[in-house]
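In what comes next, chain A is part of two complexes: it sits with chain B in the first one and with chain C in the second one.
Take a look at the complex of A and B:
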């Protein structure tokens, strides 16, 4: 293990220090050597010469990484636990729909819809929730990306990450959170049944339709148009008494599922156009929509 | 002909917003080192920097940056990975800490490997002197510190081209000094283009200077050459010379005049600011710039 020098001081031998430097010692051996190194300058000097600088840099980086990374928020930690990549989680964390104030606003809106259902308790009890729920993801995504909305929009344009990918990531986050909250609201309705989930396919269809439209016009305008179309459709089709709408019938649900699929195809086909529109593109059609 | 060392070659860049011609046939080349872009408000500086940062497209003209053509999608993405851009009014996700914000931009720059990315974030925050406040939320940082956060994100990935839009605006003299030190170091071995109103920044930092006015490039050259334009056009007098294009009272009580001096005027050695003001001064001095 070691030997004694002329002055009577004990020193670790080179083989032990080499094994320590390479990380080949077991825990007990490491602790023994480290306890000795704290009090022996000669052995410290010898060990320093034996350590591979690249390994030392790796260890230092690992140590800093372990102690210096800021603690992520609750939602971020949850998403990482669910298997979402940490870099994706960081991008999602910049989405307003993951912030408390937005979630509170959505929850409050849904609470009013549920309250209205309990107050009426009639055949129209679910109608408020069915009409309101599909609008929530549209509003959330509309304020998640675009010039004047995303504070880092300009910095993002000068970065290589695709703009459409960023929009899709944020759209998925908004859709996910608003769907979870709307599902919870559905469970609180006075009458449970499949009819209470009638908002789900319209929600998916309208969101996909807005994203497809955003490959042609500004996202904010795309979501505004889709939301307006939904409001008009509800106003025209909801017919008392008792309040019902073809939008929530079986045929309506099939139509929204089809719309979602078609819109997804359009999105995939036209996503390149969305990327080209944001940033250096000389197509005159897009000239009016650039930053100034 | 282009010189082999040039990193940016811009040809006849033109861009209009409604009736305003923000860029009017602008052509230039940039070489490694720090180049200052001078010009008054509305000169077209920000528009030009946005074009170079691939944030905006010109109506006409072409630009080749680091040998890449931003009109081609693959080359544009490659170029974005090699440039750093600090906008004039950088936006922040204020609920992020300084570390989280720079980390977020690092992800936009597609630095996905977690440990390597975090190391890079620490490196750039240390470089701008924000290591100690990296855990503070952006909303708790001063204006000067926020600008340094914005600079830090531009330095991610050690870019070959650094585009800084008025980086010293709103900084106090001490912060400006630190900024100059840093940008001066960054200019060694890479191309830095910074726009500014501050002629002192150009004198202190830049090897080259360009001046933009009403969308036109009015001058390219060295700071010394810009100052030299005013040679024989700066004089002092006890009272403001009515024939001067511009004049102001200095601390000595004398008036410093710029323009066409009267016969026998007491001429002064011009500064870069004199050259800049002279170029801004009016059409009668256009021949001076030619």
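Take a look at the complex of A and C:
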């Protein structure tokens, strides 16, 4: 059985393989072939002649399809481990603002704010961070939802998960991550104190405000308007010297907390509007652009 | 991967571990045919063989990074496949088992000394001795030695109690020793 090649190595020829496949070999022959096949590429190729090509193709197609599904990333696995439902995790993990590039951008922005604080070292040291930090979740949520940006936008429209619920889920995720990063940045400020956390309530208030606005106008525009209003408000209220703003005073903080609550109420009352505005009539345009 | 020669199994597997689906396809083309042929010798049910082959390659896709480079890739793949077959025989829901299996168990690279010896099984005496064993004893030796299964796994595959696997394996070895003496 088998044959010996020029180099003196034993190989199973086609005839032996055929006999093996049909069960016509004795135990010793069977075992020789099996042990040989695991390590000899040349003989393995011969085995191809013994299998129905259609069967090989069918299995191959099914496997490639199964494998083409993206693997769960670190964030996804972590969320699943924390007990978040599978489908929610998939939706959250597809959030553009959870991608490495976005997180890197947020971290860089915060790093510059901290750096500025260290360089100036004056009373205005924390101002940069205080002004920039509330804008980060706004930008994050704005890119986390909407046609043209969200990779799952069309899927979301067709999904049983309401689009407003999706927006809220995404918003909570983005707010959570940017808040964590901003908190880490605050800890690195030269002069640590409660003042360094002054961005937290404005951040919450602005996010809630823009979400409430998004029930009336395009989400993207809503975030743009809120962000613009914040920049103007900071520019107008900053009073030197030393630079400070009424926005970060106790009164300002209370105002932002109230704003956040009010916006939350508006959001809940008007959420039906949001769903209704996103009917199917707008989708083909975006879908077509995407498929191009 | 150099373009001027076909990549080795280990290279393909390394690429698969990086998530390269083309390398996965190439690995499938190399190994699926012999795997299906060999599975045919373990089960008469071709649907079961298809399922085992499919699950095996999915495990390969997920666990490619766990291959430590000891022994042949083919032996590693067979180690996965034969255990998938055992699991299928156990009648458990394949997908659930797969999930659990992927999480915990590492399939050992089976390239035992016996197997190495079997590759060049040219000794007339050995061949005759092996062929003189009863089919029952041959089946047990095949499962434990060639497929590298544990007693318990072999019992499931062959549909006999673990105790019987042990006694048959002992009897087979004793008979081989006697014949070769």
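As a working rule, the second predicted complex is superposed on the first by the 205 of 292 C-alpha atoms of A that agree within 3 Å, B and C clash if a C-alpha of one lies under 4 Å from a C-alpha of the other, contacts with A are read in each partner's own complex, and residues count from 1 in each chain.
Heads up, the rule we're going with is that a residue touches a chain if its C-beta (ideal position, glycine included) is under 8 Å from a C-beta of that chain, and two chains touch if they have at least 3 such contacts.
Note that the coordinates shown come from a computational prediction; the quantities given were computed from them, not determined experimentally.
Visitor: Based on the superposed arrangement, let me know which partner A:51 touches: chain B (first), chain C (second), both, or neither?
Guide: In the superposed model, A:51 contacts chain C only, not chain B.
Visitor: Applying the document's definition of touch, where does A:39 land relative to chain B and chain C: first, second, both, or neither?
Guide: second
Visitor: With the two structures laid over each other on chain A, which partner does A:228 touch: chain B (first), chain C (second), both, or neither?
Guide: neither
Visitor: On the A-aligned overlay, A:62 touches which partner chain: chain B = first, chain C = second, or both, or neither?
Guide: The answer is both, since A:62 touches chain B and chain C.
Visitor: According to the stated criteria, A:23 is in contact with first (chain B), second (chain C), both, or neither; which is it?
Guide: second
Visitor: Which chain A residues lie in the overlap of the chain B contact set and the chain C contact set?
Guide: Touching chain B in the first complex and chain C in the second, residues 62, 64, 68 of chain A appear in both lists.
Visitor: Once bound in the complex, which stretches of chain B touch chain A?
Guide: 17, 22, 47, 50-51, 53-59, 70-71, 73, 76-78, 80-81, 83, 85, 87, 90-97, 99-100, 103-105, 107-110, 112, 114-115, 117-119, 122, 134-135, 153
Visitor: Tell me, which parts of chain A touch chain C in their complex?
Guide: Listed in rising order, the residues are 10, 17, 20-21, 23, 26-28, 30-32, 34-39, 41, 43-45, 47-48, 50-51, 55-56, 59-60, 62-64, 66-68, 71.
Visitor: In the complex of these two chains, what residues of chain A are touching chain B?
Guide: Its residues touching chain B are 61-62, 64-65, 68-70, 85-87, 90-91, 93-94, 99, 150-161, 166, 272, 275-276, 279-282, 287, 290-292.
Visitor: Which residues, counting only chain C, touch chain A once they are in their complex?
Guide: Touch residues, chain C against chain A: 9, 19, 21, 24-25, 28-34, 36-38, 40-41, 50, 53-54, 57-58, 61, 72, 74-75, 77-78, 111, 115-116, 118-122, 126-127, 130-131, 133, 138, 141-142, 146.
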